[in-house]
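Since the structure comes first, as structure tokens, the remarks are kept for the end.
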Amino acid sequence: MMGFPILTLITFLPVLGMIIILFLKKEQGNTIKYTTLAITAIQVVLAIILLTNYNYSAAGVYEERSFQFIEKFRWIEIGGISWLGTVKIDYFLGVDGLSMPMVLLTALISFIAAISSLNINHSLKGYFALFLLLDTGMMGVFVALDFFLFYIFWELMLLPMYFLIGIWGGPRKEYAAIKFFIYTLFGSIFILLVMIGLYFSATETLADGTKVFTFDLLQLMNSGNYTADGILSPLNPNNLRFVAYLALFVGFAIKIPMFPFHTWLPDAHVEAPTPISVILAGVLLKMGTYGILRISYPIFPDITRDLMWWIAIFGMVNIIYGAFVALAQKDFKKLIAYSSVSHMGYVLLGMASLTSTGVNGAIFQMFNHGTITAMLFLIVGVVYDRAHTRGLDDFGGLALQMPAYTGFVTVAFFATIGLPSMSGFISEALVFVGAFGVDSIRVITMISALGILLGAGYMLWTLQRIFFGPLNQKWATLKDIDSREYAMFIPLTIIIIFLGVYPSAMLDIMNTSVNTLVNFLHNNFTVSSISGL
Amino acid sequence: MAQVGLTHFLVVSSILFSLGIYGIITRKNAVMVLMGIELILNSANINFVAFSKYGNLGINGQIVALFVIVLAAAEAAIALAIVLNIYKTYANVNVDEIDHLKD
Amino acid sequence: MELNNLYQSINLILPEIVLSASLVILVLADLIFHKDKRLIPYIAGIGIAITGAFVINQFGISGFGFQSTSQSIRNYGLIAVDSFGVFFKLIVIASSILIIFFSLSSSEIRKIKDRVGEYYALIFGMILGMFFMISATDLILIYLSLELLSLSSYVLAGFTKLQDRNSEAALKYLLYGAVSSGLMLFGISLVYGLTGSTNLYVINSLIQGPHVNLFTLSLAIILIFAGIGYKISSAPFHFWTPDVYEGAPITITAFLSVASKSAGFALLIRFIKTTFVSYINDNGEWTLINVFDWQSVLIAISILTMTLGNFSALWQNNLKRMLAYSSIAHAGYLLLGLVVLTNQGLLAILIYFIVYLLMNLGAFLVVMLIANKINSEDIDDYNGIGYTSPLLGVSLAIFLISLTGLPPTAGFIGKLYLFVALVDVKMITVAVIALLNSVVSLYYYVRVLKHMYLSKATDSTPSIIPTFGTGILVLVLVIPVLVFGIYFGPLVNLAKSCLVIIGF
Amino acid sequence: MTESVLSTLSLIILFLPLLGFTVVILLGKRFPKLYLFEVAILTIAFILSVVVMYSKLAYYLNSDIISSFNWITIGAAPLAGVINIELGIKIDNVTVIMLFVVNLISMLVHIFSIEYMHGDQRYTRYFANLGLFTFSMLGIVLTHNLLMMYIFWELVGLSSYLLIGHWYEKKSAADAAKKAFIVNRIGDIGMFIGILILFTHYKTFTFDTIFAQISQGNIPFNSEAWLTAAGILVFMGAVGKSAQFPLHVWLPDAMEGPTPVSALIHAATMVAAGVYLVTRIFVMLTADAMLVIAVVGAFTSLVAATIALTQNDIKKVLAYSTVSQLGYMIMSLGVGAYVFAFFHLVTHAFFKACLFLGAGSVIHAMHHEQDIRNMGGLRKKLPLTYATFLISTIAISGIPLTSGFLSKDGILAGTLAFGKLTGHWLIPIMGFTVAAMTAFYMFRLVIMTFHGEPRDHHKYDHAHESPWVMVGPLVVLAALSIFIWYTPNPLSPDAGWFMKEWVKTPSTVVPESSRFEFMQSASHETEVHGEVVHSPLYTETMHWAHYPAMGMSILLAGLGILFAFLFYQWKKINADNLATKIKPLYNFSLNKWYLDEAYDATAISGTLNFSKILSWFDNKIVDGAVNGAAWLGRFISSLSGLFDTFVVDGLVNFTAFFSGFIGLAFRKLQTGKVQTYIVFVVFAVIILLLFFKPF
């Protein structure tokens, strides 16, 4: 393992960029743009370096020593007073199989979004500064291993997002922005409460043997660390773990977004500028599911086991419901937004299975949905930039006018449908395989399979309405995609197809961790493991 | 004839207190309101003195009363200055007409 | 009383003496340089600086001043000097210094430069009042200091007389304050009657006895609380706040919202802790004497205060008024720290005050700087101001975010510790109510951001480039808000070292 | 040549077309001549496949060649054991024959298209897609596991989508493409779930492993019901792909694609994939599953035949006859006549491809006229096309001396035997009826197209025989419709090497309790050099059935042809009068049993309306309810409104929704009158006292 603090670098590099930008003049538009581009590009390079040094057989999840690229030092330490033990918060970063794919995804999507941001044309300075701040927030969430740190990063994304939607957004941007803001804040408040509750329920034994309350996620995953009377301690006969789990779950579910907390998503997407939609769909939605996998699951395995059926139900509802609603949309971007709702449902379903296959599928689906949906939103952006409308019925026959564009669209759409040889298929298949293997949710899985059909339905219908049929003469002047857009589409296309043909490239990264996680979920916080203390 | 006892003082003081409140609430003229305030303060003074006398608490009570009287004077001075100021700006001193600052 | 006692008492009140001295000096200076009063502010500054030095010097010292020897077996004095008091005195000092700088850059104050001497003298009067409030342990001294503070602030509220609203504010403040202090005094008289003493410690020991008329006592307590509640502007004694804050010159508003509020809290905490706490266990949980149900009262009051403050703030269009309501709401949050009746709650309050000092003064400063230019605090005049004057825009944004309590700003840390205290004593419901409140508060804070950034700048939108001095001043407030958000160890350590209230 | 060489060769055959696709799709715009490269690739692939077939049949007649690798490694998964997903190919006789058929027809179609598609604006794209299709089809043929089957299954779906929609500027074409894909998806979901059942239980997708497990009595979730379910579900894939009732509706619409495409995909190969799939899983089909399959097949063939009777679009007729013939094959698998099913698959591939290409040649000559009512008399103009078309028609009608006769006769015999053994007589009855109808409508087609007098003289005069690139393939295919390639004895295929040597009914692995007693399993010691003959009873029943079936089929076919001539050649009976006499029946058939209308009315519009309702629900209720769980929805909206409007309106909105009093009360309190405030203070004191007085 390299001693070099690469995770800090990859996380805070954007902040550095932000500072640089703040020192630039308003007029140096291009300098600002290309600084951002460079920063994100470096981020990608760093991510690749991470990957090359990544140890595929290290599990992570709950044991600190098998995490990788760990950076841990005391961030805040407040001397003890008898009645309030030492308060200590660590600056604790590290990656394992659960976070590595997300780190890669974040770097990639930020880069793509940066390219797509090149045609932002007003108040660049603010835009790119916020953009980079957002980038830091996202990256931080995925590498933080201390609940407090995690929460800070989690909240850090809120404001940049609010402004990015609110200032550079569409007609109803204020509404969308405030709605996004309120929902997410509402969710994070629950997370905050649970965080405090956990803090008072578990102690960590320091080197000198003293026990102190802890925010350290890995310590919280150890049922041995819980105090006898903590409100969230399994040892406490009348603990509030169940309530806390629900609160936490809602907090994350809002980000996913899980039915019925999804209604902020369409508005946010429709109003947000293209690059921001890309980030929103590509990365932000993953934070919800990542949070559940990283925090809810390993800290509350007992409740998780009890509630898996319900999670599966919600997964199913997301899939079917999202698909149906998408089918009825008249707005291209709204349709994509709802398709995201549907596809995040697969992630939920896979996670609910609590099997290696399912969870592997879920994480892989998180990654794939990131790339594919990013591509879809870019596609919407392309046509919107040119035609300034997103109405599905305003188009027709674009395939004749923009063949290359149509080519990429076809790839993206069929990837969404889950066509084999594209990454989406593998993850969805794994999810189904995993979920189907569990007796209690087998029926749910079968019903969810309808999603495949509906998906094909709305996607192909869209394809036909916009691109096929006779060319609507109104668009006879539209240009086909330019080099900038090629630069966004080609990498995504390559990744989508490559992972479709050789999924192990991604699966092997997460496999060990996932197996460990699943093992952990089934064997910890059981009555025996607790009474055994 | 009956001895004048603590109770009598307390009754008087509470009557004064109530009158003070009543005056403050009902009077339009700022000066009258100030007088109401004076009444409250003095009702308190009566308490102090009475308690210190009948409770054999030494002279603390009386001293307090003196403090309060002085303070009341200072307060009155400032108050009247402000009322004067009000009169300059609004050409009257009706407290219930001075309500431009509100939601 | 023996001289040596008097002598050491003098030692204990050195800061107050310095203050009084500099007050006198200011008055004289005002007379001497009646032509050109440019020096006055600096004299004031020096005076405060010296006071500050003496206050810091008091760290670690603790003792009673002016102990009464007469008929009392215990020797508790009129004033108590302890680290708790020192902490609040520092808060006052800090805010006073900032206020002086504010005043230097405030156009309102510049307009009245011929009366600037009185202005600073009165400010010193306020400070002196606060100092005594903070350390008073005798009801009489409490009353006197409170009046001292009030009287000076009445005048200051209407000091500038530039607009009608100044004098109106003054009058309202006066009447309201006089009544509340009158009620308080009446309450004190009752307490005196019941216990025969006005010294908090004596009262504490006496009301532990069986034969106290509890009804009269609670009446007295509530009356006294009315007096204090009006100082910390907690519902239902807050009504003066919006009107006065809107009417008074903005420097004074800022000063009232931070300094006198902190003094009021210091008083409330000391009053409750010395008078009603019988025992504190190792976990820092307070056991109250069973005469008055402080906890429920405080819960009710604090929830009422924050809810009322937040919801009323929702549709304010005048920023000063909105900040007034927000400061009411914050009084509610601060009371939460007292509700739990633990040292941890106390800790939370202290931390919150440091944070509150920074962000609230900061917000007022920016509002003032903008008002200097457009002399209006109306939110619609803020449209697009974030673009035309970036520094102020961004800083105001940061202050408001911090007031909302979002990471990574200091405001989050303050709230965090409050909620930690609540969760620690398992008051989950209260915590949730408070959290929901902070969601509501988000609306009106974000609404300002919305006007500054999301609304297009019109040609009438001024571009305000702060002078070097004011720029520094803003940064002095912004940077800590951000730094403490990320690294708040020293903050908490400082607060922890200041929890000692003498007597227990 | 060693086995490894063989498998390498077949892999090369598999990936050559993909190479062609990639190169042409990427560079096609710049180098329009690249279509020749694509054609060349297919020729090579064909030659290789001949080599492979020869060497397989010559050297490894009775051994299967398998090569595979680990694709996805989950490793030792908790609670699930080791999960490794492997891909691989299996080369047995069926495979190599299919390889040959697919490559041959694909190559011929490529050649045919050079002329037919000449001047098309997306000429190279077209050839690229043909390449993609061939690749996917070969994948299906070669796979040795269900997953890979599903993967390529979807890929052929994609390529068929692209090819049907080749002329996407025509709305009908785009619609047809979409319909094809989605209808197939319905079947695929069933197939997918079926696969899931098998994988969940066996932790593998590989056919042989699964079958081995089953034969050891290890069946899914230890219930034969699940085994049946698995069989039927996987079969659903075939229902979609092979256009079986009720999912057959996409195939006729698919005729919107270019005719060579119809020939390759929608007649010869892709639609046969469904049949091929069933042959692959044949051994794990339980009795119930087989019965379902048989019924579906029989009914499909009947439905399609009845519809074909009245169609007037030359391609539509052929399309429905295809559906009908596919029904035949499925039915024959259902009744256990495995070999004949596969045999018919091959023969049908040739003559149906020939018919379609012939139709293509006609359409080409008639300048894209497809309605047979505007044709007629073309045999003078297009002699070669006519000849080949006629041969294929005879073949499909099942007249002796043709390949079609051999396979069809076998199938009918199979159904007859099945009827006798199980008492399901309805199936043979349907089978024979269809035989008659087939002969009738096919000859109706021939007569109306080539015989009689030209009806549209203008088009007729411009018609001319197509060039050799188009006629060549016709000749080849027609030649392949002659019996001689398959067996020396024109009356019985049993003598033929095809039957005797190459293709044999594999031994079923289904437990005794849940299979037809005539189905034999390897456990019985009746194996003759690797082949598992059916139980003696079955064999003799087949012999019993052989001649009756032959006789009847010839008779019925003859009748069909006779009536065709009576109606359309000699005009002895007036078709139109008859049509008007039985108007309802006629319309019923002409309108394809109103199935499309029915689907539109029920499934499709139902789904769309439901989706509309849900989206309304989403906007109004969910958004409303979740936001408004506590007034949040209106709160947000009116706040954002509030931001933009003056405070007065904002205030109105605010107090309006804010559950009345809070906002209102708070506002009312702040009157600005200091005395009021003081009143409040006094009251506050009193209230506090009342609430918190100690007793």
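Things to note:
Here the chain labels run A, B, C and D in written order, and each chain numbers its own residues starting at 1.
Here, a contact is a pair of C-beta atoms (placed from the backbone, for glycine too) under 8 Å apart; a residue touches a chain by one contact, two chains touch by 3 or more.
Quick caveat: nothing in here was measured; it's all calculated off a predicted structure.
Of the two chain pairs considered here, B-D and A-D, the higher C-beta contact count falls to A-D. Centrality annotation: A (chain centre taken as mean Cα position, compared with the mean over all protein Cα atoms). Subunit B and subunit D, compared by their mean Cα positions, are separated by 99 Å. Subunit A and subunit D have Cα centroids separated by 38 Å.
Distance between chain centres (mean CA atoms), subunit C to subunit D: 79 Å. Between the Cα centres of subunit A and subunit B there is a gap of 67 Å. Those residues of subunit B in touch with two or more other chains are numbered 24, 33, 95, 98, 100-103.
Multi-chain contact residues, meaning those touching two or more other chains, occur in subunit C at positions 171-172, 175, 179, 183, 242-243, 312, 443, 450. Residue positions 639, 643, 667, 670, 672, 674-675, 678 of subunit D are each in touch with at least two other chains. Annotation, chain-chain contacts: A-C, A-D, B-C, B-D, C-D (touch as defined at the top). Listing the residues of subunit A that touch subunit D in their complex gives 174-175, 178-179, 182, 259-263, 321, 324-329, 355-357, 360, 397, 399-400, 414, 419-421, 425-426, 429-430, 432-433, 436-437, 445-446, 449-450, 452-454, 456-457, 460-461, 463-464, 467-471, 503-504, 507-508, 511, 515, 518-519, 522. Interface residues of subunit A, counted against subunit C in their complex, comprise 75-79, 81-84, 87, 123, 151-152, 155-156, 158-159, 162-163, 166-167, 173-174, 177-178, 181-182, 185-186, 189, 192-193, 196-197, 199-200, 231, 240. Contact residues on subunit C toward subunit D in their complex (touch as defined above): 171-172, 175-176, 179-180, 183, 214-215, 217-219, 222-223, 225-226, 230, 236-237, 239-240, 242-243, 291-293, 296-297, 300, 307-308, 311-312, 314-315, 317, 443, 447, 450-451. Within the complex, the subunit D residues that touch subunit A are 71-80, 83, 147, 150-152, 154-155, 158, 161, 165, 168-171, 173-175, 177-178, 181-182, 185-186, 188-189, 192-193, 196-197, 199-200, 607-608, 610-612, 614-615, 618, 622-623, 625-627, 632, 636-637, 639-640, 643-644.
Interface of subunit C with subunit B (complex): residues 70-71, 140, 143-144, 147, 151, 154-155, 158, 161, 164-165, 167-172, 174-175, 178-179, 182-183, 185-186, 188-190, 192-193, 196-198, 242-244, 246-247, 312, 316, 321.
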